[in-house]
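Have a look at these structures, which come just after this line.
In the two complexes that follow, chain A is the common piece, with chain B as its partner first and chain C second.
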Partner chain A sequence: MDLALVIQTAFNGLANGALYAVIASGFVLVYRATSVVNFAIAEFMLIGAYLTYTMSLFFPLLLALLLALPPAFIFGLLVERGFVRPLLGRNVVAVVMATIGLAAALDGATLLLWGPDQKAMGAADVFQLPKEMPNLAFSLGGVFLSSKAVWSLVLALPLALLLVVALKYSRYGVLLRAVSESETAALAMGINAPRVVAVAWGLSAVMATIGGAFLAGAAGGGGPGHHLILLGLIVFPVAILGGFDSVPGAVVAGLFIGLIEAFSQLYLESLLPGITQAIPFLIVLLVLLFRPYGLFGQHRIERV
Partner chain B sequence: MAEINVENLKVVYRGVILALQGVSMRAGAGEAVALLGPNGAGKSTLVRAISGLLPQYDGRVLDGKIVINGQETQHLPALKVAGLGLTAILEGRPIFRYLTVTENLRAAGHKLTPQRQKELTDEIFTRFPRLYERRFEQGGYLSGGEQQMLLLGMALLTEPRILVVDEPSLGLSPKLTEEVMRVLDELRRDKGLTLVLVEQNARAAFSIVERVYVMEQGRVVFEGTAKEAQADADVMEFYLGGAVAGGFAEAKRYRRRKRWV
Partner chain C sequence: MSKTLLEAHDLHLSFRGVKALVGVSFSVSEGDLFAVIGPNGAGKTSLLNVLSGLYRPQQGRVVFLGEDLAGQSPQQRVRKGLGRTFQNLELFRGMTVLDNVKLGAELAVGGYTDLVPKAQIEWKIRHHAEEVLDYLHLSPYRHVPAGALPYGLQKRVEVARALAGRPKLLLLDEPMAGLSLEEKQDLARFLLDARREWGVTLVLVEHDLRAVLELSTGVLVMSYGEVLYQGAPAGVRENPRVAEAYLGRSA
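Here is the complex of A and B:
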């Protein structure tokens, strides 16, 4: 076994996993806040990627990504206000169907707005600024890491971890956990539950933008396209594996699935073509057999 | 001026179930008032209406007025009502079960400056040393009495001027109930609160309130001082669970007769 190759694969896996982690933690945040399973999460990624693309027409890529975040946040708020809030408290199936409908609508909207053709990030160069992100690729003792991998580790992973820490210790985190438990009790204590929930949707859209922009190839070639929607499906096994209501769980599960995918690509793909796409779902099936709450799912408090 | 006036309030659930059929009550500034009565009398509905939480239960005010500190609130959302200085502790001990004791207090005191929050948290831990001992435990693992203390602490952190408490004695032993009432009384006097106490356990309530409303089937059927209520045989026998010679059948008959008189 080539140790350098293993280390390189591990890093690449973690880099991809960090993106899964950041998207899934936003997805779980929304689930915690509103008990809504957002089936339109892949479209959130898509819109985030397109927003980054649009910004990249005017600004260097790193700045474009940062500038795409405020409109993404507002997009999340709008979805919550116009779409989710009127449905809260309704039948679960109705809400699920609504988010599936939202996904289809957003799909159509991106097609109308940005057209069907493949886009390349940073196509125009209005201010004569460097288009690409600073190149962070490096090679050390036979281990090569692409700039994209390093960037996603540097940007996405800290962000996902920041969310975990903020949820545990910040004022907003405490309020969100309170509201997620009982909106009525929160309101009775004067907590502005609607605002707390709206911010969760905004943050989720921000996290999806970062993941989406990277997965669409923000840090080196490629461009947003509808293949993102298939990639977005990975959020479900990651969230389920993590326990569905646990943000730390989503982060750990994201990294884990990234690693498994990378190694499966390296060792299994030649034996069983296509196994890499299936493997996250197989793992989820196996884990659920033994741990129905996922890896970090919240256990019910029962006093005996 | 921290007072509540409820005038001829009618509340309906899901558009059809009339839970309050014209209730009037008032609690003046700094006064302690009890709402007593059996299950289904409409006490909790009145609490929900006062605190603006009816929409959360699919209910709405059909008619009548609620005036808090001179402002009509019957159609205001819960957050606005809370902004007027009213805090409601709902029935069923609604602490945040997955949050630790400290986090529960933090959530309740989220509007305060860190300095003020710390002062009040210290005060709560001094009043309830048991909460301090268990400050890192999740609320769901506390005993019923501890949860009730935590709720009172949380309410204190919202710095209310009017406190509405729904059935604090539910599921507590007589000794603990006595303790909760003592603390409630102490808090009210120390902070100059207006208190609306909803109870089924009339005896516990009498010890700390000045006036009493007895409710039955969505109406107020008795209004008077705590002393008058205790002296009124009907109130004691039929609404507040006193024993009647002749057993249940006799009580029912007596009650039916009374209703027709």
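Here is the complex of A and C:
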């Protein structure tokens, strides 16, 4: 066994996993605050990536990503306001159907706006300025890490951890947990629950944008296109493995699934072609069979 | 006569033909312990939900401190001093008792939404919360997750959380339901103490007729959304309409 290769694979897996962690933690945040499963999370990613791409036509990529965040936040707010809030208190199925419908609508809208072809992040821009992300690729003792992997590890991973810490210790985190435990009681405490919920949706869209932009190759490796929607499905196994209502769980599960994928690619793919794509979902199957509340989820005791 | 704190004028509320409130009017004066009683489905909780802004009545007005509350959200009403507790516990179950009460205390001290906690305000909130915990004999449980406590204590935590906000008027939705006799007596004592100590006016929704008649200064009896009786507790038992609806027609 080649040690350098194993280390390299591990880092690459963690790097990808960090992106999953960012997206999934935003997804879980929304679930916690509103108990809504956002089936349009992959489209959130896609739109975030396209926004970054569009901004990158005018600005250097890193700046473009930053500039894509406020519109993404507003997009999250609009979805909450337009699709989720009107259905509050209705049947859960109604909200689920709404987000599935939203996903389909957004698929179409992105096709109309950005076209069906895969874009290239970092292609020629309007002003012919250098605009790729600084190349952070490096090689040490036979371990090669791509620029994308390094960026993911230094940007996405701390961001996901920051969300975990903020949720635990910041004032807004306390309010959000209060709303997620009982919205009625939060209202009775004078907490502006509708605003807290809206912010959760906005943050979720921001997280999806950051994850989506890197998955779509903001730091090298492909570009935004509709294939991202398939990539985005990984959010569900990650969230389920993490326990579905636990943000720290989502982060750990994201990293874990990233690692599994990387090693499966290295060792199993040659034996069983296509196994890598299936593995996260196989894990989910096992989790649901043996530990339905995931790694960190609440053990819910339901009275029947 | 003391000052009128809360007035309801001719409240009507219906859910697709089911009439929950039919022309309910009453007023609560400062310092009252006002009881709303009635059999199941009488519209007691609906009434509280209208008062606290969770339901919007089709007709009628709610006036609190001389101000019409129409169009004000639940959280705005709470900030004006109209607190409430819930029939089915609505605690933040995953948080500790202290954190629950601290969220309540923010109402009194002044909540804030800064990103980072501010030591000075946090200190005040904590101080305030501890005072209420002490008062309701909850201090030993302050670091226990609220959801892990026995039912009777959870009920008490909910009252503590509401009292920590120093409401001018507290709406209590069946605080005694499901409690043992001893727990009921404790809670009644706490509520009376709080009324004396902090000048909280109490509006108590209750199922248990006896507990209420001993405590209250004014009573509203409801049945099928209508007011059957309003006045002094002493008159309840003599009222023929109440006797018929609540106690059953005597054979």
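By our rule, the second predicted complex is superposed on the first by the 293 of 304 C-alpha atoms of A that agree within 3 Å, B and C clash if a C-alpha of one lies under 4 Å from a C-alpha of the other, contacts with A are read in each partner's own complex, and residues count from 1 in each chain.
By definition in this document, a contact is a pair of C-beta atoms (placed from the backbone, for glycine too) under 8 Å apart; a residue touches a chain by one contact, two chains touch by 3 or more.
Everything quoted here is computed from the prediction, not taken from an experiment.
Undergrad: Following superposition onto chain A, is the placement of chain B relative to chain C best described as a clash or a fit?
TA: Result for chain B and chain C: clash.
Undergrad: Give one of first, second, both or neither to describe whether A:S182 is in contact with chain B, with chain C, with both, or with none.
TA: both
Undergrad: Looking at the overlay, what does A:R171 touch: chain B (first), chain C (second), both, or neither?
TA: Both partners, chain B and chain C.
Undergrad: Please indicate which partner A:S270 is in contact with in the superposed arrangement: first for chain B, second for chain C, both, or neither.
TA: Touch status of A:S270: no partner.
Undergrad: Taking the superposition on A as described, I'd like to know which of chain B and chain C A:N91 touches: first, second, both or neither.
TA: In the superposed model, A:N91 contacts neither chain B nor chain C.
Undergrad: What part of chain A is shared between its chain B contacts and its chain C contacts?
TA: Residues 171, 174-175, 177-178, 181-182, 184-185, 187-192, 298, which sit in both footprints.
Undergrad: Over in the complex, which chain C residues touch chain A? Could you list them?
TA: Touching chain A from chain C are residues 52, 54, 73-75, 78-79, 83-86, 90-95, 99, 103-104, 106-107, 111-117, 161-162, 165.
Undergrad: Across the complex, what residues on chain A touch chain B?
TA: 171, 174-175, 177-178, 181-192, 298, 301, 303
Undergrad: So in the complex, which bits of chain B are touching chain A?
TA: Counting only chain B, the residues touching chain A are 51-53, 56-57, 78-79, 82-83, 87-90, 94-99, 103-104, 106-108, 110-111, 138, 140-141, 154-155, 158.
Undergrad: For chain A, which residues are in contact with chain C within the complex?
TA: Residues of chain A touching chain C: 166, 169-172, 174-175, 177-178, 181-182, 184-185, 187-193, 298.
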